[in-house]
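Each in C-alpha cells, the structures are laid out below.
After this come two complexes, each holding chain A, first together with chain B and then together with chain C.
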Partner chain A sequence: MKAKAVEKLVLGMISTITVLVVALLITILAVLFVKGYPALHSGFLFEESRDFGRAGGVLYQSAGTLILMITAVLLSLPVALGSVLYQTEYLSSGKLKTFLMQLTYILNATPTILFGLVGYLFFGVYLDAGVSWVTGSLILAVMILPTLQVSIREAVEGLPEKYREAGMVLGLTRSAQIYRIILPQCFYGIVTGIFLGLARVAGETAAIMFTATTFSGIQLPQSYSDPVPTLQTHILILAQEAVNPESLAQAWGAGLVLIGLVFMLTLVAWAFRTRMVMESEL
Partner chain B sequence: MIQFENFGAAFGERKVVQGLTCHFPKNSITAIIGASGKGKTTLLRVLCRMNDCIENFRIEGNIFIDGEDIYQPDTDVYALRRKVGMIFQNPCVFPKSIFDNVIFGVKDIARISKKEYPDRAEKVLREVFLWDEVKDRLREKATTLSQGQQQRLALARTLAVEPEILLMDEPTSSLDPKSTSAIEELTQSLKSRHTILWITHQHEQAQSVADRVLEFTDEAVNPLRPVAPIMKTERPSPLKNVLRKVQTFSE
Partner chain C sequence: MKLSYKKNFSNCFSGQAHLEPLAWIFALMNLIFVTGAMGLGVFLLVQSLPIMKAEGLDFWLGENWWVGETYGALSMIVGSLMVTALAVTLALPIALSAALYTSEYLSPSLRRGVKGVMELLAGVPGIIYGLLGISFLAVTVKESFNLLYGNTLFTAGCLLAIMILPTVLTLAEDALHAVPIEYREVAEGLGLSKLQTALRVVVPQASSGIVGAILLGIGKAMGETIAVLMVVGSLDRIPGWNLFVSGQTIPSKLGREAAEALGSGLHWSALMGLGLTLFFMVSILTYSGTRFTEWSRR
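Now for the complex of A and B:
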C-alpha cells in the first residue's frame, strides 16, 4: 500500500514537472508570437533594417546569421566526421576511446562565452583575423564540434555490426568500408547531426557578440576581415538600448524569425532522424 | 591446404581453443560440431582474421593457408579475406537492390570492367540456384527476399569475389527445411572448386554434407574423422528429420 502511494506521488511530481516544462515553452512561444507578429509585414524578411532598427526588415541580419551558420558547419563537419571515423574504425584501445569521448562531453559543457573569449584571442588576435565573420565562424565551428561528433558517433556506432562484418569478409579495405558501407548507411544520422549543429549555431549569441558581429554600418561582408550583422545581435541591441515601441516590436519580430529558423532546422533534423531509425531497422 | 599447428585462441584470460593441430585438404567439406562456446566460430573467424579488432583477443601457434602463415606481420589481411569468404548464421544483405548486393564486393575487389558485372551476377546467382527466382526482379530491394533466399544471396555475393575457401557458420540455423536442403545441396556442388568448413549443431547434417568431421567436446578437440560412407549416402529427408525429432520427444 505504501509503495503504491509513493509511486502515485512520484508519478504526480514528474507529471507536474512535464506539464510545467511544456507550459513554459508554450508561454515563451506565445509571448514571442503575440509581440513579434505585428512587426512581421510582407517585406520583413526581404528589406534591410532602417533608422537604427526602428523600421524595415532583417534581410542582412538573416543573411549574416546564415553565413555564420553555414560556414561553421562546413568547417566543423569534416573534423567531426574524421574524428568519429578514426575513433570508431581505426582506434582499438577502449580506454583511449572513452577518454576521447569524455573530452567531447567536456567540450560540450564549456560555457559559450569562454569559446568566444579563447576563440577571439586565438583566431582574432593571434591569427590576426580581428572581429570578423571568419573569426565568428571558426569559434562557432569549434563550439558545435561536440554536437556534430555526438550525433555522428551515435549514427556510426548504431550501425549493425553485421554490415561491417559483411564488408570485411569480402576483403574491403577500411577506407572502402567507410565510403561503401558506413557513410551511406549513416547518411541520415550525419544529416541529423548537421541540422542539430545548425540549430545550435542559430541560437548562439555570447560567443559571437564581440568577435564577429556588428549592429549597424555593414550589410554583407566584403572581405574575410569584415564583421556581419546577425539576428542575435540585432535582437540584443534593440532589446537593451531601444526605448521607442517600434524598435522593440522589431526586436520581437526578429526573435520570431530566429525561433522559426531554429524550429525549422530541428524539425528537419527530427525527420532525418526518424528516417535513420527506419533504415537501421531494415 | 589449411593447416593448424598447436593452435590456441583466447579472449583475455579465457581460452577458447587450445593445442589444436589438424589439416583440411583442398576441395573437401569439413563439418565442425560441438556445443556452443567451445570455439567453433573462433576457429573460422581466425582464418580470415576477423577477430583482429577485438582488443583482448590473442592466438598461439600457427595457421597456414597454402603453406603461408597468415598471422605474419606482413600478411595482406585484405587479400587473405578475398581468398577466404565467410557466410554467417543470419543472412546479411545490404539495404540495396539484389543486383547491387551480388556485385557489392566485385566493385572494389575483382578487376573486371563494369560491363561484365551483369554476367558475373548471373553466373553466381545460377551457382547458388537463385537466378530463376530473382532474374526478373534484380532491381528490387534485397530485403524483400525470404531468409533462405537472402542466405543464398549472401553466398552469391561471396562467390562473386571468387574465394578459394568458404567458411560457413551455421548457415542453415535460421532457415526452414526447404531452404536448408537447398543450401546443403548447393554446398555439395561448390566442393569441386572450394575448400569448405561448415559449422553445424546437427550431427545428421554433418554426416550428410561433409567428408570429414571435427568435433569440439568439453575436454578437447577430437581429431578429424572421416564420415562413414553409409551415413553419407542415406541422407534422411527434412521430413524424416522432423518425424524423428517428434518421436524422440514423445519417448
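Now for the complex of A and C:
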C-alpha cells in the first residue's frame, strides 16, 4: 500500500513538472507575441528605422540579416558538402574519420563569440576586410559548417546500400555515382541542412556584433567593406536603452520578426527532414 | 594524425580514387574545414602568447583587470563557473524529471508534441532570451529580493537555466527513449511497477546518454554570450558566495570589450587568453559529452 502511495506521489510530481515546463515555455512564446505585436504596424517591415530606432520600421535591419544569412550559407555549403562526401566516400582510415567527426562536434559547441574574435582577426585584419558584411558572412560560414555537415552526413549515411550497389553493377565510376545517385537521393537532407544553417545564422548575435554590423545610418552595403545593420544587433542596442519605452517597444517588434523568421526556417527544415525519412523508408 | 596524411597515401583515398578530379576537389573542401576548425584553436593559442609571457600564471590567478596595467581573469572564471553551476542546479532536476515523464508515460502523439516544442525552443536566439531577461527576469529578481539593481549573477543563472532546459530535456529524453522496449517488458513481467521499471531499469541503461546530455547542456550554458551579457551586470569582481551582486563571465567580458580592443595590443591578447580558457573548458565538456553519447548508442 505504502509503495503505491509513494509511486503516486512521485508520478504526480514529475507530471506536474512536465506540465509546468511546457507551460513556461509556451508562456515565453506567448509573451513574445503579445509584446511584439503592437509594434508591427502595417509598414514595420518596409520602413526605415528613424530617430535612432525609436520609430519607423526594420527594413534595412531585415535586409542586413538576410544578406548575412544567404552569403554565409552559400559560402558554407560547398565546403560542408565536399568535406562530408570526402569523409564518407573517399576516406578509408577509420581513425581519421573519428577524428574529423570529433572536430565537427567541437566546432559545433564552440562558443560563438570565439568565432567572432578569431574570425575578425583573420578575415578582418589579416585579409583586410575590416568590420564588414563580408567578414561577418565568412565568420558565420565557418560557424554553421557543423550544422550543415551533420544534416548532410545523416542523409548520405542513411542511403540504402542497394542504391550504391546498383550504381556499381552498372559500372559507374565513383564520381558518376556521386552526382547520379548520392546527390539526387540526398537532396532533402542537404536542403534540411541549408535551412537549419539559415536559422542558426538568423539567431546569431555574438559573432557579428563587433565584426559585421553597425547601428544606424547605413542602408544597404555599397561595397564589400561596408557594415550592415541587422535585426539581432538592433534588438541588442534598443534593449540596452530599456528605460525608454519607445525603444523597448521597437525591440519587441524586431524580436517578433526575428523569432518568426527563425521558426519558419526551422519548420521548413523539419518538413524536408520528414520527407527525407519517408523517402528512405520506401 | 597529420603524419598519416603524408606517410600513407592510401589512407586518404580508397582504391583508385586519387585519379578522379572530383576526389581532389572534395579533399580540398575537407582541408578547408580542418584548417578552419584547427585554425581556431591555433589562433587563440598563438594570439594569447604575449599575455601569457607578460602575466604568467597570474593571468588566471589575478583578480584585477585594469586595461593598460594588469590583466587577471580570476573574477571572470569564477563568475562563469558560478553562473553555470547555478543554471545546471536549477535546470537539471526539472529537465530530467520531465524527460522521464515524457519518455515513459506520455502517449506517442503527446510525446511528439512536447519534443516539437522543446526542439523549437532550443533554437530560440540568445538575443531573444536576453530581451526577456532584461524586461521581466531582472525586474522580478530586483523586486522579490529587494535589490537596488536587478542585473546579477543570480539573474544570469536563472536565465541560462531556462535556456538550456529544452536542450537537456530533449537529449536526455532521446537517451531514455532509445532503451529497447524488451527491457521494460521483462522488468514489468517480473512484477516491477512502471515507476520502478523506469528508475531501476531504463535510467541506468540510459545513464551514459543522460550524462552526455548534461555535459552538452553545461557547455552551452558556459559559452552563452549575448543573453548573459545583457543581464549579468558586467562588473569585474569576485562575488564571494553572494549571488545577488553584479558580476562578469568570460563570454560577457569578451562581448563587452572586444569592440574596444579590436585586433592589437596586450589588451587584445588578454581577451584572446580569456577566449582560449573558455575554449578549453567547453571543448573538454563537449568531448566527454559526445563520447558518453556515442558510448550509450552502442
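Details
By definition in this document, the second predicted complex is superposed on the first by the 259 of 282 C-alpha atoms of A that agree within 3 Å, B and C clash if a C-alpha of one lies under 4 Å from a C-alpha of the other, contacts with A are read in each partner's own complex, and residues count from 1 in each chain.
The rule we apply is simple: a residue touches a chain if its C-beta (ideal position, glycine included) is under 8 Å from a C-beta of that chain, and two chains touch if they have at least 3 such contacts.
Since the model is a prediction, treat every value here as computed from it, not as a measurement.
Residue contacts after overlaying the shared chain place A:181 against chain B, while chain C stays out of touching range.
Once chain A of one complex is fitted onto chain A of the other, the partner contacts of A:92 extend to both chain B and chain C. In the overlay built on the shared chain, the residue A:165 is in contact with chain B alone; chain C does not reach it. When both complexes are overlaid on chain A, the residue A:173 reaches chain B and chain C alike. Greater residue coverage of chain A by touch, when chain B is weighed against chain C, goes to C.
Of the two partner chains, neither chain B nor chain C is touched by A:220. Shared-chain residue A:127: touches no atom of chain B or chain C.
Under the contact criterion defined above, the residues of chain A that touch both chain B in one complex and chain C in the other are 92-93, 173.
Those residues of chain C lying in contact with chain A across their complex are 1, 4, 8, 10-15, 17, 20-23, 25-30, 32-34, 36-40, 43-44, 47, 94-95, 97-98, 100-102, 105-106, 114, 117-121, 123-128, 130-132, 134-136, 162, 165-166, 169, 193-196, 216, 219-220, 222-226, 230, 251, 254-255, 258-259, 262-263, 271-272, 275, 278-279, 282-283, 285-287, 289-290. Looking at the complex, you find that chain A touches chain C at residues 3-4, 7, 10-11, 13-15, 17-18, 21-22, 24-26, 28-29, 31-32, 35, 78-83, 85-87, 89-93, 95-96, 99-100, 102-118, 120-122, 124-125, 142, 145, 149, 173-175, 178, 199-200, 202-206, 209-210, 232, 235-236, 239-240, 242, 248, 251-252, 255, 258-259, 262-263, 266. Only residues 48, 50, 53, 55, 78-82, 84-86, 88, 90, 92, 94-95, 104-105, 107-109, 143, 154, 157-158, 161 of chain B touch chain A when the two sit together in their complex.
The touching residues of chain A, when paired with chain B in their complex, are 92-94, 162-163, 165-166, 168-173, 176, 180-181, 185, 279, 282.
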